[in-house]
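Should a chain be cited, it is by its letter among A, B, C and D, assigned in written order, with residues numbered from 1 in that chain.
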Amino acid sequence: MNKLVKDAKEGLAGVKDGMTLMLGGFGLCGIPENCISALVEEGVKDLTCISNNAGVDDFGIGLMLQKRQVKKMISSYVGENDEFERQMLSGELEVDLIPQGSLAERCRAGGAGIPAFFTPAGYGTEVAIGKEVRYFDGKPHILESALHADYALVKAWKGDRYGNIIFKGTARNFNPVMAMAGKITVVEVEEIVEPGELDPNFIHIPGVFVQRIFQGKGYEKRIEQRTTRPKA
Amino acid sequence: MNKLVKDAKEGLAGVKDGMTLMLGGFGLCGIPENCISALVEEGVKDLTCISNNAGVDDFGIGLMLQKRQVKKMISSYVGENDEFERQMLSGELEVDLIPQGSLAERCRAGGAGIPAFFTPAGYGTEVAIGKEVRYFDGKPHILESALHADYALVKAWKGDRYGNIIFKGTARNFNPVMAMAGKITVVEVEEIVEPGELDPNFIHIPGVFVQRIFQGKGYEKRIEQRTTRPKA
Amino acid sequence: MLDRNQIAQRIAQELQDGWYVNLGIGIPTLVANYIPDGIHVEFQSENGLLGMGPFPFEGEEDADLINAGKQTVTMQKGGSIFDSSMSFAMIRGQHVQLTVLGAMEVSDSGDIANWKIPGKMVKGMGGAMDLVASADNIIVAMSHTNRKGQSKLLRQCSLPLTGVKCVKKVVTNMAVLDITPNGFQLLERAPGVSVQEIQAATEGRLIIEGDVPEMQF
Amino acid sequence: MLDRNQIAQRIAQELQDGWYVNLGIGIPTLVANYIPDGIHVEFQSENGLLGMGPFPFEGEEDADLINAGKQTVTMQKGGSIFDSSMSFAMIRGQHVQLTVLGAMEVSDSGDIANWKIPGKMVKGMGGAMDLVASADNIIVAMSHTNRKGQSKLLRQCSLPLTGVKCVKKVVTNMAVLDITPNGFQLLERAPGVSVQEIQAATEGRLIIEGDVPEMQF
């Protein structure tokens, strides 16, 4: 059981134009930096990207937008990105906006073999257009479907060659549910450890969901909103 | 934020005849021993119990069956219990059998505000009788609904007074999803620790789901099938 | 008229001991600065954090610990970290007792619009639709009128909705109002603001019963 | 005719390196004893365990570490523990490559009955319905006939079903058979068992093409 690959390029082997990718992260926190760099380098295009956000102009998915690699974004919030705005307003980029909780649950559902579920989120809004409405306990809900991806690109903190991974802080966010939902899940970690080093009671995502794993390098971990208070 | 109560009796304050309870555990592994003892002592009856199994004749939920406290069991597997069999065949006890994965997902759904979801499990069987069938990707699925409970009785390993809890080994099983689904979730732990002692990255169920917590005592942890191999 | 901080301070009076609370971006964030004495609440951030603390001291920022506004934050003792599906399980499952968020418009039946202005760049709803569709208790923090002086408390929202019949209470720079089956019920006036001024600034149905007291701080 | 261990041994030949495998109670459990050299597989136990190892040494049993048959077990290095919803997320989401389970009856279209006999005490389906409805690859391990000598490979199941059109392969004490659109395709004979004997013991449609080889061990 050895899912270890050398680097992002090897991890992304088989990614083709027109594919659907999931990318973990919230803002710039917990994004698969190495995988994004490799995608930009490889130049694969017409991608559908499922990611809560779309990065900033010069980091994260913003780098892929600059090279016009993205055909469609499926996200909950896409501010802080001028090039994104330009492509969206000009019609070059298709955008599907989804409530954040529905996005998370739809990814989990994709990984868990649940094709569809009812949620109250979005009822009575344009998100509900064309979707089935049903009342439970007198409260209206809409039917949402599972999301799947050809590749899920996940950033974790530590992992082993079985694909077991753990996350750190709020860099966890969408990474676990996307790890579950990828046909091929590629994980980049800050540190590869030996099998058995991760306490089996506290593994966030078991290796069964992971196909490839590698140790990333040169993490920038850019902070989007540096907020502090003065030392007392 | 202090959810600490003295013992099972205080934890179960408010449990009344006719209520619906969830009880964690798989077989006798990870069952809320202290809560079950207190229920037996209090003598509350006409209960609907949601639990993967129903214990054995003289341990676990079996103790409640002996005192005729259970009106209905919602479970996936109920073998190994003569009194259960007698009550079921005589019609004293109502039994609703649910596929194990659907049981787990229905509890999680109850806790997560998902009123219903589609699953392939049980299609074409008597489990599907009266349930909506829908095809996704050419495959038939049935609609299953969320489960809720007035009280969820959960056994964890360690916890703090905020209600944050962690589990050990396969004693985890149904406990986390039931902790999410209880209107009042009562957790018994082997050890109460100070807030901050549990690593926030590795808390299995955050305190937000827990209303009461106490340190249990006298855990028997009976083994149902002791299987070993000789030392080489 | 209240300023942003006073709106936050008034909302903080609504907090109850032991509550879990989700604060939106803007005025709602300021509520955390005014927690009444003797009240302990836990802040949930929908990106996956419970027990959110204040901003870190300079030099102690952790790129792996941010809030839903992408700001660097700290954690309180007893806090916990979880993934996005667990975070919205808490929200959708109504385990969070209070959500405070801003709005562009609120209708007198509790509809809210706060995510999209036709013709302008749409950034997305983030977690707002899940929050308003799920929470039992939603307080909107906003100015009573917009920059053109038009009422933001309407008979019907004109902007695309974020949620339907969900807002329970509105705290503005002029008033505290409950949403009732018959419209906005005026509960309190900002110091120095008259019932007449509030009536003039409210386009939706306004219920005024007896003497309307001034807010107390 | 094969004995229980030989059935398990033959099924073990189907294992592929890197697979995750769920083994049911009974004969399927024995498959773990016959993993071919050079093949590494991980065993999933639906009560919440991946990387299940052999039974513990005497005196080293841990009440908090059991398998789905409630037997004390051990864990392999690289294993992991999870809750029941995550366990069935793996199963339902088709992340487990192979499920091996016993059956009372299998039909020639792949239906399976293994949980209930009318008139007898019903213990429940446990995880079987989730497993058979979800897995892409399901092998049934069973005797070819029941104690009365009646075929368990039928045109249609007579007992209440566990799952519909899901079984891919059956390994019995007499034969290895694939389920095809036209019925059971006979792939291999147990050593010393003739095609005629298999035909006589099979009530469902049986496809026999060319020479049917004996199993190799």
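FYI, a residue touches a chain if its C-beta (ideal position, glycine included) is under 8 Å from a C-beta of that chain, and two chains touch if they have at least 3 such contacts.
Here the structure is a predicted model, which means the values were calculated and not measured.
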Exercise for the section: Quick one: how many steps at least from subunit A to subunit D, stepping chain to touching chain? Expected result: 1
Practice task
Starting from the Cα centroid of subunit A, hunt down the chain whose centroid lies farthest away.
Solution key: D
Handout entry: Pair sharing more residue contacts (C-beta pairs) when B-D is set against B-C
Key = B-D
Fill in the blank from the handout: Between subunit A and subunit B, the Cα-mean centres are separated in Å by 33
Practice task
Take the average of all CA coordinates in subunit C, do the same for subunit D, and state the distance between these two points in whole angstrom.
Solution key: 55
Fill in the blank from the handout: Between subunit B and subunit D, the Cα-mean centres are separated in Å by 28
Completion exercise
dist(centroid_CA(subunit B), centroid_CA(subunit C)) in Å evaluates to 36
Handout entry: Multi-partner residues of subunit D (each touching 2 or more other chains)
Key = 81-82, 85, 88, 91-92, 134
Problem - Contacts with two or more other chains, residues of subunit B listed in rising order - result: 105, 108, 112-114, 119-120, 167-169, 172, 201
Practice task
Could you classify the connectivity of these chains, where an edge means two chains touch, as line, ring, star, complete or other?
Solution key: other
Problem - Pairwise chain contacts, counting only pairs that touch as defined - result: A-B, A-C, A-D, B-C, B-D
Fill in the blank from the handout: Residue positions on subunit A within touch of subunit C in the complex are 26-30, 52, 75-79, 85, 88-89, 95, 97, 99-105, 107-108, 119-127, 140, 167-177, 204, 221-231
Handout entry: subunit A-facing residues of subunit D, complex
Key = 18, 20, 40, 42, 44, 50-51, 75, 77-82, 85-86, 88-96, 134
Handout entry: Touch list for subunit A against partner subunit B, complex
Key = 105, 109, 112-120, 134, 136-137, 141, 145, 166-169, 172, 201-202
Exercise for the section: Sort out for me which residues of subunit D touch subunit B in the complex. Expected result: 45-49, 54-73, 81-85, 87-88, 91-92, 111, 121-130, 133-134, 160-165
Completion exercise
Per the touch rule above, subunit A residues touching subunit D in the complex are 1, 108, 110-114, 160-162, 164, 180, 195-196, 200-201, 203, 206-209
